[in-house]
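Two complexes follow with subunit A in common, the first pairing it with subunit B and the second with subunit C.
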Partner chain A sequence: MIQIQNVGFKRADKTILEATQLSLEARQSIALIGPNGAGKSTLLSLMARLLPLQTGQILFDHLDISTTPSQVMAKKVGILEQHSHFMSRLTVQDLLLYARYPYHRGRPKSDDYDVVEKMLAYFELSKLRATFLDELSGGQRQMALVAMVFCQGTDYILLDEPLNNLDMYHARHLMTTLRRAIVDWNKTIVIVLHDINYASLYADHIVALKQGAILFQGAPSEVLTSDNVQALYGVEVDIIEHQGKRLSLHF
Partner chain B sequence: MHSNRFQERVLQGIFSVWLLSSFLFITLGLTPEDHFFLMLRFEKWLALNAVGVAVAVSTYVFQTLTHSRILTPSIMGLDAIYLLISLVLISAFGTVQYLAIDAMHLFLVNNVVMIGFALFIFGGLILRFHQDMNRLLLIGIVLGLLVQAANEFLGRMISPEDFVVFQGAAFARFDQLDRQVLWVALVLLAGCLCLLWRFHSVLDIFRLGRSHVINLGIAYVPMTCLFLMLVAVLVSISTALVGPILFFGLLVVALVQQCFPAGHSGYHLLMVAMVGALILVAGQTFFEHVLAMKATLSVVIEVIGGSVFFMLLVKRGRQ
Partner chain C sequence: MKPFSYGLLASVFLLILGAFSLFVGAYSISIMDIWRQPEVSNVMISSRIPRTLAVLIVGSILGIVGCLSQSAMNNVFAEPTTLGTPQGIALGLLLCSVLFPEIGLLGKMLLGAGMGLFSLLVFFALLQKLTLSDPLQLPLIGLVYSAILGAGVTFLAFEFDRMQMLTVWLNGDFATIIQGRYELLWGALIIGVMAYWMANQFSMLGMGEDLARTLGVPYRALVFIALAMIALATSLVVATVGMISFLGLVIPNIVRQYCGDNLKQSLPWCAWMGASSLLLCDVIGRLLTHPLEVPANLVFAVFAGTVFLVMLWRGDRRAL
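Moving on to the complex of A and B:
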């Protein structure tokens, strides 16, 4: 369970996130949606300790992120940011092995290699293990980065816009793999999405942010109404039902 | 693509060439009876190696911390700060008292002040501008110019006699090495290298970027401070031994990274240390014994290193 209590964030007197209360059940996928600049990435960075907490508390299964040792949190919560720029030229396998750092602290043991092997297979990257990241296509690279977070073996996984620049095939492949991982390994995934149709199809819970505050939250079938979506993005949309899922037509 | 075995071979190859040039450097033109000169050369050889290793390794670590292939401690003016300390001391106490200070005490005081500077200025800059590499780069280069300008300014303020003393402190002087300083420097260097080796897998994670460091449970701020302190001590060592060398570190690290972009930090550290030592020892042997020119090596290194710096700026300015 993720508890966010009274967490706000200001940068140079500009409020990016207003004091937010949020309580999220574990073992599900939670989609953060909202227009650009709504504070989604800020919230995710705060949860991942990448930004210092200015007010309030964040707890993962009662572990307070500001008092729990960083080494312990690294086995509890993992994040994939939008942009990664590495100084080293790495193979897929190197990258995944680095993600085991909280366990091996620089000396990989056989179970670290086992986890890497398992994740390579799970994300269909086994054939690419010795390929350098700069030789991969955008979609393959993104899969490798997501596999890296999974290698970290955390219960909670935070993904910041992982579908950016992915084509239809890779976006769908990534989302179905994530769904499968929630069932297979009891993961809790918090994912920032821009396409609300992906949120509707693949998320169990949606949290909508606008101007640093939560506008609405709930199951996709309840909260994705055309009024809500219009209030969120300021765009008129038609919501249609297709095989029990809501889809928005916003083109 | 280079396999691990290939990487090892190259390291062995460089090691052999280094051994050979070391042998030549110490013995060329001397017979085993020339104990005095052999000892002199041996000390000079130690100093050359210490400088090569310290400059190359500090540059590698510093670039990892700033996540930039262009910034180096000397471009950000860290070794110029070392000279600034001497200048301030000379202008504050006068030459007589400055010269009365024991060389080793001076070296240790400089070390402490350098660590302070590195932590407060570079630590502050890195922690504050980690998201804005371009700004960090710009601030770094301007800061380097500023410190050099301050040096020049203070240099003009003091009397010509004092300035001569300062120049003695400021420029390469392999011929009048202070023995005590050399040995203390070697001990410090060994300590720094051991610590760095102990944490080389942390450097690997630093090369992934700040968010990965935090995400993987490494204490980002304390580790950054530790690495910066090591960089400061390494720069003090090389500056105390030969004075500032602007582009040498950049040259070595760029060379190694160009040839082995895929290496891990452990390998990179070994490699830059070996290449740094090799270039200085082999270069000095060549210029001193083959061409019989004493002071040209640093000039050649600066010209080549400066061109590499320029190329990196043009090519990778955005990284």
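Moving on to the complex of A and C:
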């Protein structure tokens, strides 16, 4: 369970995130949606300890992120940022092995190789194991990065707009793989999404942010109404039901 | 071919080149003479062998240091020359010769390394304040930074009449290497071995601060260790033979085309390629104007500059 208590964030007197209360059940996928600049990435970065907490508390299964040692948190929460800036001439296999750092501290053991092997197979990357990241296509690269976060073996996984720049095939493939992984390994995933329909189809719980505050939250079938979506994005939409899921038409 | 046989081939090549280097110099030597004439074996032991070893150590350590700088700064253009480190070290060495002339080689070296580390830390802090939109901006900033440091050093050297020392420090030359004047370099080799021992940890630095931190990597501490090793190794090189510019830039970038950013794989090749290319340049320098010499730094600069331009020409910005 994730508990966010009274967490706010200011940058140069500008409030990015107002004091937020949020309690999220484990073992489900949680989508963060909202317009640009709503504070989604900020909230995710705060949860991942990439930004310092200015006020309040964040707990993952009663582990307080500001008092728990970072080696312990590294086995609890993994994050994939929107832009990962790093020297990317690593092979897919090495990248996955590096994500095992919380366990091997730079000296990989056979367990770590086993996990990497399992993840390479699960994410269908076995054939690309020796390929350098900068030689992969955008879709393959994103899949490798997601596999890397899963290699970290954390209960909680935070993903910041993983579908950016992915074509229809790769976006769908990534979301179905994520969906399957949640069930297979009892993961809890918090994912920032821009496409409201992906949120509706793949998330168990939606949290909508606007101007640094939570506008609404709940199951997609309850909260995705045309009034809510219009209030969130300022766009008129039609909500239709298709095979028991709500879809938004906004073109 | 298996990696093992590549390694074997590389070692054989280096051995042949090393052996050849022993027989090139102002004083001509043939294999037969070594046993017949005592003065010939003397030349071997006091000059040729130390020189060859010095070139090999300097080449390999600068290759390693360059590779390490690139991971620590998370930028493929980082290396001591583009970070102003030689100027920082020269400042330390100069202050030492002015303030504590009696301190001895080791103390001099440590003060040089200290100033080198300080200049690296300032540069690193500066880099944290900026967001580079292109990796090429790093050497540009580094150039300005080196120029500022360099101006300060030159001013001091001029004031205290030590311009000649400064020239020696900043222009690597192996002509003066004889037995008893290069042994500190073995210390640099130890640093190289330590870097290899910690290669997996240092590779994590190349993933950037955010990713490294979420994996529980003690990022700042590791960067500090890496920078300290870079400063110490470079300082040993600057104080004994003088800086070889751009070796740490060109060699690791060629190696990473094939070995990538996993230092466990790339560091040994950086060491090998640094050593063999510098030895080749030194031998060429000895042959070009025989019996006079062209400093290795100059020959290497021509070689490195050409390689660098070719890489830029090919537009391989990503790979560079």
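The definition used in the following text is that the second predicted complex is superposed on the first by the 250 of 251 C-alpha atoms of A that agree within 3 Å, B and C clash if a C-alpha of one lies under 4 Å from a C-alpha of the other, contacts with A are read in each partner's own complex, and residues count from 1 in each chain.
The rule is simple: a contact is a pair of C-beta atoms (placed from the backbone, for glycine too) under 8 Å apart; a residue touches a chain by one contact, two chains touch by 3 or more.
It should be emphasised that the depicted structure is a prediction, and the values quoted were computed from it without experimental measurement.
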For this session: With everything superposed onto subunit A, say whether subunit B and subunit C fit together or clash.
Result: clash
For this session: In the overlay, answer first, second, both or neither for which of subunit B and subunit C A:Pro102 touches.
Result: both
Exercise. Counting only touches as set out at the top, which of subunit B and subunit C does A:Arg49 meet: first, second, both, neither?
Worked result: both
For this session: State whether A:Ala74 touches subunit B only (first), subunit C only (second), both chains, or neither.
Result: both
For this session: Could you tell me if A:Tyr113 is touching subunit B, subunit C, both of them or neither one (first, second, both, neither)?
Result: neither
Exercise. Residues on subunit A in contact with subunit B in one complex and with subunit C in the other?
Worked result: 48-50, 70-71, 73-75, 78-79, 81, 84-91, 94, 98-99, 101-102, 105-107, 132, 152
Seminar exercise, completed: Residue positions on subunit B within touch of subunit A in the complex are 1, 63-64, 67, 69, 200-202, 204-205, 207-212, 214-219, 261-265, 319
Exercise. In the complex formed with subunit C, which residues of subunit A make contact?
Worked result: 48-50, 70-71, 73-75, 77-79, 81, 84-91, 94, 98-99, 101-102, 105-108, 132, 134, 152
For this session: Show which residues of subunit C lie in contact with subunit A when the two form their complex.
Result: 70-71, 74, 76, 198, 200-201, 203-204, 206-208, 210-211, 213-217, 256, 260-262, 318-319
Seminar exercise, completed: In the complex, the residues of subunit A that touch subunit B are 48-50, 69-75, 78-79, 81, 84-91, 94, 98-99, 101-102, 105-107, 132, 152
